[in-house]
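Comments concern the structure below.
So that you can tell them apart, the chains are marked A, B, C and D in the order they are listed, and the count of residues begins at 1 in each.
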């Protein structure tokens, strides 16, 4: 099967996820000075972090798909599984901010991020397994250590959240930050691939 | 007519349906411990089942369209009819959970699933009728018995719901489960088709 | 300019319009019997009519675009103008049903439909004017009389709404119905066009 | 990397942004005469201006992308940064109207527009920098003076908003208006480009 529709569908779902979070930002009801924006600050900060996370997943999804031209049924299901966890990010963001960064909501948010990371990993494994290019993708890609580090930090952050939720939030933001650095390994590969790919 | 835009439009609608369901999950208002997530459990379970159903329809829609390269007006209307019933799934899910799995809402949810199945069947019939490939698609595809079994189970579940709504829910989940098993028949066909298709 | 992105963007907007209407259907708060669905009946009926209208516009948009392979700036603005009026349909539907089909809301709904028809007409005129194919599209296409009849009926229905809102609603539904009959003229043209078109 | 998915994703996000604004228009709760629409007038006016702005960004995004056939990681991040600010337009619109065009909300709305303009500028700079076509795009394109004038007017409007918020709103609408005039320079370029582009 061609990958075109899987990409289009994933783009649609991720576009909705990233946009509906802003729908949930409620306008200040009382007061209309600049001060009335202060209670919104935590929401904006969480929104920025969640926006960054969803953007990062879209970016990585974009890059990994670039290496392949066809998919099979298992890949589609793995993709849906990933989208399922991504679609819970707005819920996690909303609860965390509505609860003023309480211990459990912050831990739950971290759990959602952890599940996103795991399901993304699963997606990559199934995709590479199907396409039989493990050797090529199995090389250290720069992404590899990022993925492992992220998983470890998520677990630490979830545990930390039960004592110091704000520190956990800093850890989440830090993980997002390391993903922003573009990954030259894959980009060079894509460049080489550009001519070989049919789509 | 080319099928490209019908696929893009369907992908858009299905992506929105699958994502807005999570918009309806309300964050716990009181309490912020893990216990405050317990009342959300039924919602999450329904959400997972509905997510699976919409995903299954997207997957099947993807596969059946793969066999054809053009559509006509009737197919477009049949597709809209299918999207109409799919778009009622979030409503059904929300009412069922808001009503704590009462008899009528569970039966209505089953009715929506039944109408989705019937309109999908109609869509396939019109698509194959237009393309004159009945012989090829009329073969036992693995999907055939799944579709028939699903329809029968839906009817049984709707009746069951009036006495034992929770048993009906189990039946809905069970039907979703049998669809998760990938269907080798069509995939092999698609493989053969891949070279013949122009798109 | 190629038309690809205009189509993709329009598909996205129309997909959202058609799907968010169902988001607005509120689940029954009191009672959980079949009777609690009765107050929802008018909403479902309006939803079906509005769904049909948006579907019809998508279908016609699909067909008319099929005849062209490129667009210019004016066409893009005319398209945005059309999307603007289409995006007001959910608002019109919601007000009409929330107000139990009062005179003014029903007339406003008709006005929105009228503006959709006018802006669609404008879109077609600009598109054909740009492409210099007036001669070909100026022929009686079956659509021509439908478009004129619709405009007349909308105006009549808006006036009727001020005395007999329910009769106006019947007129709206009737107009939707005549558009459901597929239009053979254009389809035949598209068939001929299929080979000539580059996309 | 090909630009296809960046366009599709941006189209999706922009389509959602432009459509969810209408979701926020609340139907009149009391009264059902034409007068009950009067309190909605400011909302409709803001909605029209915001719709125009998002439409303009989509249009410009469409045009600038037309000149390029591939993107890199930095361009994708710049694009996400632009989408982030665009996604705040519905929030700005809602607050401004909910607060009856108070000083701070109008200034905040202007700030969001300013950040959209800056991030769009950044996006263009990175895109042209990556593609090494500065010479070609550095020419006075008609757009250039529009972009500079807009930025200046936004800054003036934000300051004005603190004394005369309504005048600031007029300025916002005026800026939108100058963008509606199609830009012949780029269109001619695109025409020339049409044959050279591979996609």
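Please note the rule applied: a contact is a pair of C-beta atoms (placed from the backbone, for glycine too) under 8 Å apart; a residue touches a chain by one contact, two chains touch by 3 or more.
Computed from a predicted model, the values in this text were never measured in an experiment.
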Next on the checklist: Rounded to the nearest 5 degrees, how far is chain B rotated relative to chain C when their C-alpha atoms are superposed?
Outcome noted: 90
Checklist entry - Does the chain A and chain B pair touch with the same residues on each side or with different residues, judged by whether over half of the numbers are shared? => result different
Checklist entry - Between chain A and chain D, what is the gap in Å from one C-alpha centre to the other? => result 26
Checklist entry - In angstrom, rounded to a whole number, how far apart do the mean CA points of chain A and chain C lie? => result 37
Next on the checklist: Can you list every residue of chain C that touches 2 or more other chains, as numbers and ranges?
Outcome noted: 8, 12, 15-16, 20, 23
Item to check | Partner chain B, residues of chain C touching it in the complex | outcome: 7-8, 11-12, 14-16, 18-20, 22-23, 25, 27-28, 32-34, 36-37, 48, 51, 55, 58-59, 62-63, 66, 180, 182-183, 187, 190, 194, 199
Checklist entry - For chain A, which residues count as touching chain B in their complex? => result 1-2, 5-6, 8-9, 12-13, 15-17, 20, 23, 70, 72-74, 76-77, 80, 83-84, 87-88, 90-91, 94-95, 98-99, 102-105, 108
